[in-house]
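You will see subunit A twice below: alongside subunit B first, and alongside subunit C after that.
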Partner chain A sequence: MSVFPYLVAAWVLLMGLFGVVRSRHLVHTVVCVSVTQSSTYVLLLAVGYQKKATAPIFGQADPPGSPVVDPVVQAMALTDIVVSATVSALLLALVIQVAKRHGTVVPDELHALRG
Partner chain B sequence: MSTRTRLLVFAAGALGLGAALILAMLRIPDFGNDFHPYRDATVAEALHRHSPNVVSSINFDQRGFDTLGEEAILVAAVVGAATLLRRTSQPRPPRPAIASSSRPPLLAATRLAGYILLPVTLLIGADVVVHGHLTPGGGFQGGVVLATGLHLLYVAGDYRALRRVRPLVWYETGEAVGMGAVLALGAAGLAAGTGFLSNFLPKGTSGHLFSAGTVALFSCAVGIAVGSGIVVLLAQFLDEYLGADEGAR
Partner chain C sequence: MDGSASALPPLIVTAPIAGACVLLLLGRIAPRRLIDALALVTALATAILAGWLLAATGSGAVVTWAGGWHPGPRFAVGIVLVADRMGAAMVLLIAVLATTALLFGWRYFDTVRAHYPALLLLFTAGMAGYALTGDLFDMFVFFELMSVAAYALTGLEIEEPEAVQGGLNFAVVNSLGAYLCLFGIGLLYARTGQLGLPQLSLALSQRGPDALVFIAFGLIATGWLVKAAAVPFHFWLADAHAVAPTTVCVLFSGAMAPLGVYGVARVYWAVFDTVLPAAGVHRMMLVLAVCTALLGTVMCVLQRHIKRLLAYSTIAHIGLFLLGLAALTPEGVAASAVYLAGHAAVKGALFLMAGILLSRYRSLDEVRLYGRARQHRVVGAAFVLGGLMLSGIPLSGTGFGKSLLEESAHSVPLTVLVIAVSALTGAAVLRVGLRVFFGVGRPPEPAAEADETTGAHETPDADTPPGRIPVTMLAAVFALLSAGVLSGLPGRFGREVAAAAAQFCDRIGYRDRALSGAVPVQSAPDLTWTLHGTILGLVSAGAAVVLALLGIHHRNMLGDNNSRPAAVIAVRHGLHRLHSGHIGDYAAWLVFGCAAVIGLLWVG
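Up next is the complex of A and B:
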């Protein structure tokens, strides 16, 4: 069972990509890109986990020296979430422009670039 | 490319990627093991610099340069979205205004909850930003809480009130100020002779508000930038959706 969380990350990644490939709506595509990206959170947090350890924030309940999980991957996941949110917003703005210019949001109906 | 060919190409690629991932995952250290050299190094360094929140210490001190790049991505994405959604020179035919009588009435409870939670949420957001080096939180999380808290006004059904407390110019400026403050903090480190974005201020005592050197300042700068950035971002989408007129900005 010790590889199960990693396999979950791989599964989420592949399912996100599968969703992008068979997408019929550009908003659906953007959501699938977010799903794909969220697999990295699972992988990062799984890599940094340690059994019976707490969050890497010391206080009265957890004095310095108590076992904590890896804070480096948590900082990376935090970075990842912020970037993911803003990139989704940018992609959705692109979708709005595509809908305005081409009158469709179905990827298969978008053929040529138009200025 | 037909849907069928595309799925076949994807299946081949996914099989390859999946096999490679599984092969790699079988060989990385077991889930939940206790060998984390980076953790040991960063925790020791964070405690040395009196920042009990190790994640904040990494984000705003030990790997501050990364955070600078990340904030640049955020600013770039906000500018990009604002550019894409800006009003074109040809004004669209105005969306037929929904008469207030034809709208379903907003539940009084929703309205009340919105107005009561607004100050509470803003307070929590500010608390999360300012205490980023001590308790869970930091500039990114607190900035998002602040920005979404402001939009409780929209949930409470008062878009005009939201626009009154949201002159977009302030938030566009706020975003630039936040980004500039991070750069200024980095330059101050250079001027102090310790290096770009180094923690050059006195570290104080662990657990006090004024401790951990530049971590709290960096966190506040990021909080301002993230909060303003998200307000600007949401404003573009709200204006797009509600078809607001340009002059009222």
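Up next is the complex of A and C:
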């Protein structure tokens, strides 16, 4: 397995974090949080990948014992996606509410909580 | 162990979830009292189950393999719940706090439909699962379950500008922490092909530590430390506490943030203890602990918003819990555990009393509330008592934990730090209590700084009718305070915690109990009050009283800026500016903190 997918995962993670730090719009912030999470999908699938292996479903074409990719990381990625959907939905709902109550979605202009 | 006990851990996680589903179904049709009663009964049942589980762990950890999938030679799959004494005690603490919060909310919330109790139960289930699971990925999932419920609870009052901003800050910072943690879990799985804590311990101990292990532990620890609100991951905590409903703050401060510390300790002792060099872990925890304790204390003293003040005091105490862990001994863990239990009770009671103030006077500003709560003498006395207990007065749970912590640290500078943190955070609470409930000193007239949240005009969680404070509210406050006193009495509590801590730090034992059911024998440290600890407790309580009176009469802390040296003003201004409420700033500190954690582990 090459090291390339791991580098991609680390790059996506750092870009997502950088996006949150430099964000000028709260919706952009939420998307960057999702980007950060996407890095974990890349990482998990890269961990389970094997060359010349098929999906982990055994049948007539693939009898038990034939090479398959790791199903555990796929289950983890699926769980991760469910978590991501929940968190993104909640974050976007909060952003809508921020827009209504503060009249702005620019992080620099939110001053309700300080010190 | 018998079969009935092994059904307890999954039951404790599922019972609140089932209760929450029933509440949401009935929410639109059932009357409010029925909803509240159902929620209270569910929380109480969870607490009773947790007590039963704790009793069952006396003869060894209760281990449950989900669906009977026990890893064997043919396959390595299996998800495990491991309830050792410490985990079961943590769940009991969570369930008791949830019950108290719901009891207090009985006459506190007017308008909320079933969302609030249902979310609170989901939150409880997430925390209980996190404390009980023996699987790293499940820790992440339960972490997210409790986090999502917590974000929703923080932003419960969606009409409030502060509440939505606080909820958003909390959610973004904690989610980023969780993803860093998941990244670390993925790296560990890539190396070992295991997710269970006992299996991971076995797999990792077969080869030495390398870069991947350091980075994986650093990332996982970062995730849990974000929840624990260790500096520099602490920014979300004050924002979330300032805006969340008061009853929720009880769970945030008493259980959720300490669970982060628990998570770090659990992962370290169950998995990494045999692999990572102890010096690096000790250094990382010690640096974070000292920074967290110092910054939390300074920010606590500078606050005038009562809930923010209590929140920063929680951060300071999280630093002390980390200090206990940093010793990397069963004595240190036992000290942190005792302190954690005492702190949860005292801080919970203080938050509930802040809630009473909010519901009566529509303000949480120490300055505006000066002398206005004079008629509530009983609550005032309880508030002052809470402040004294926080400062570590003997015969309280916090005082007991503090004296154990001083003994486990074996170091004069650290002992001085512990006393200073206890005395100053206690003094800040005493200052508020004496001013608000007793009108001590002159009326303060400080100008609010631009970079400060004062809490002068807050919308209460409910319009409680004027007149006497409902008996359910008082009962919740006094139940927590008496728990704080009971956990400080010498006797059985200390012995039980000592045994639990010895079991907790026994890495080989955790693995064996989970995988083969063997119960190793371990010797427990002896925990009692010592003369030394009692004297130091009296010293710090006395110092807290003196500092509080100084703070009130000497016109400083909140006073005008003209009479003070420029350096003090600059530092204070800088600290307020640092806590900017800006998501980008918080995320930048998160990245810096993660790098610092890994660096401290690795260097040297």
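Simple rule for what comes next: the second predicted complex is superposed on the first by the 111 of 115 C-alpha atoms of A that agree within 3 Å, B and C clash if a C-alpha of one lies under 4 Å from a C-alpha of the other, contacts with A are read in each partner's own complex, and residues count from 1 in each chain.
In this text, contacts are C-beta pairs under 8 Å (C-beta built on N, C-alpha and C of every residue); 3 or more make two chains touch, one makes a residue touch a chain.
Keep in mind that what you see is a predicted model, and the values were worked out from it rather than measured.
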Touching partner for A:111 - first (subunit B), second (subunit C), both, neither: second
First, second, both or neither for A:67, with subunit B first and subunit C second: first
Contacts of A:27 with subunit B and subunit C, given as first, second, both or neither: neither
Which superposed partner A:79 touches (first subunit B, second subunit C, both, neither): both
First (subunit B), second (subunit C), both or neither touched by A:56: first
Which superposed partner A:87 touches (first subunit B, second subunit C, both, neither): both
Contacts of A:102 with subunit B and subunit C, given as first, second, both or neither: second
Touching partner for A:8 - first (subunit B), second (subunit C), both, neither: neither
Residues of subunit A at both interfaces, subunit B in one complex, subunit C in the other: 13, 17, 21-22, 47, 72, 79, 83, 86-87, 90, 94, 97, 108
Subunit B-touching residues of subunit A, taken from the complex the two chains share: 1-7, 10, 13-14, 17-18, 21-22, 46-51, 53, 55-59, 64, 67-72, 74-75, 78-79, 82-83, 86-87, 89-90, 92-94, 96-97, 108
Subunit A - residues contacting subunit C, complex: 9, 13, 16-17, 20-23, 26, 29-30, 33, 36-37, 39-40, 43-44, 47, 72-73, 76, 79-80, 83, 86-87, 90-91, 94-95, 97-98, 101-102, 107-108, 110-115
For the subunit C and subunit A complex, residues of the former touching the latter: 77, 137, 141, 144, 148, 151-152, 155, 158-162, 164-169, 171-172, 175-176, 179-180, 182-183, 186-187, 189-190, 195, 238-239, 242-243, 302-303, 308, 449, 451-453, 575-576, 579-584, 587-588, 590-591
Touching residues (chain side subunit B, partner subunit A) in the complex: 3, 6-7, 10, 14, 17-18, 21-22, 25-26, 28, 30-34, 36, 38-39, 42-43, 46-47, 52-55, 57-59, 63, 66-67, 70, 73-74, 77-78, 80-81, 84-85, 135-136, 138, 140-141, 226, 229, 233, 236-237, 240
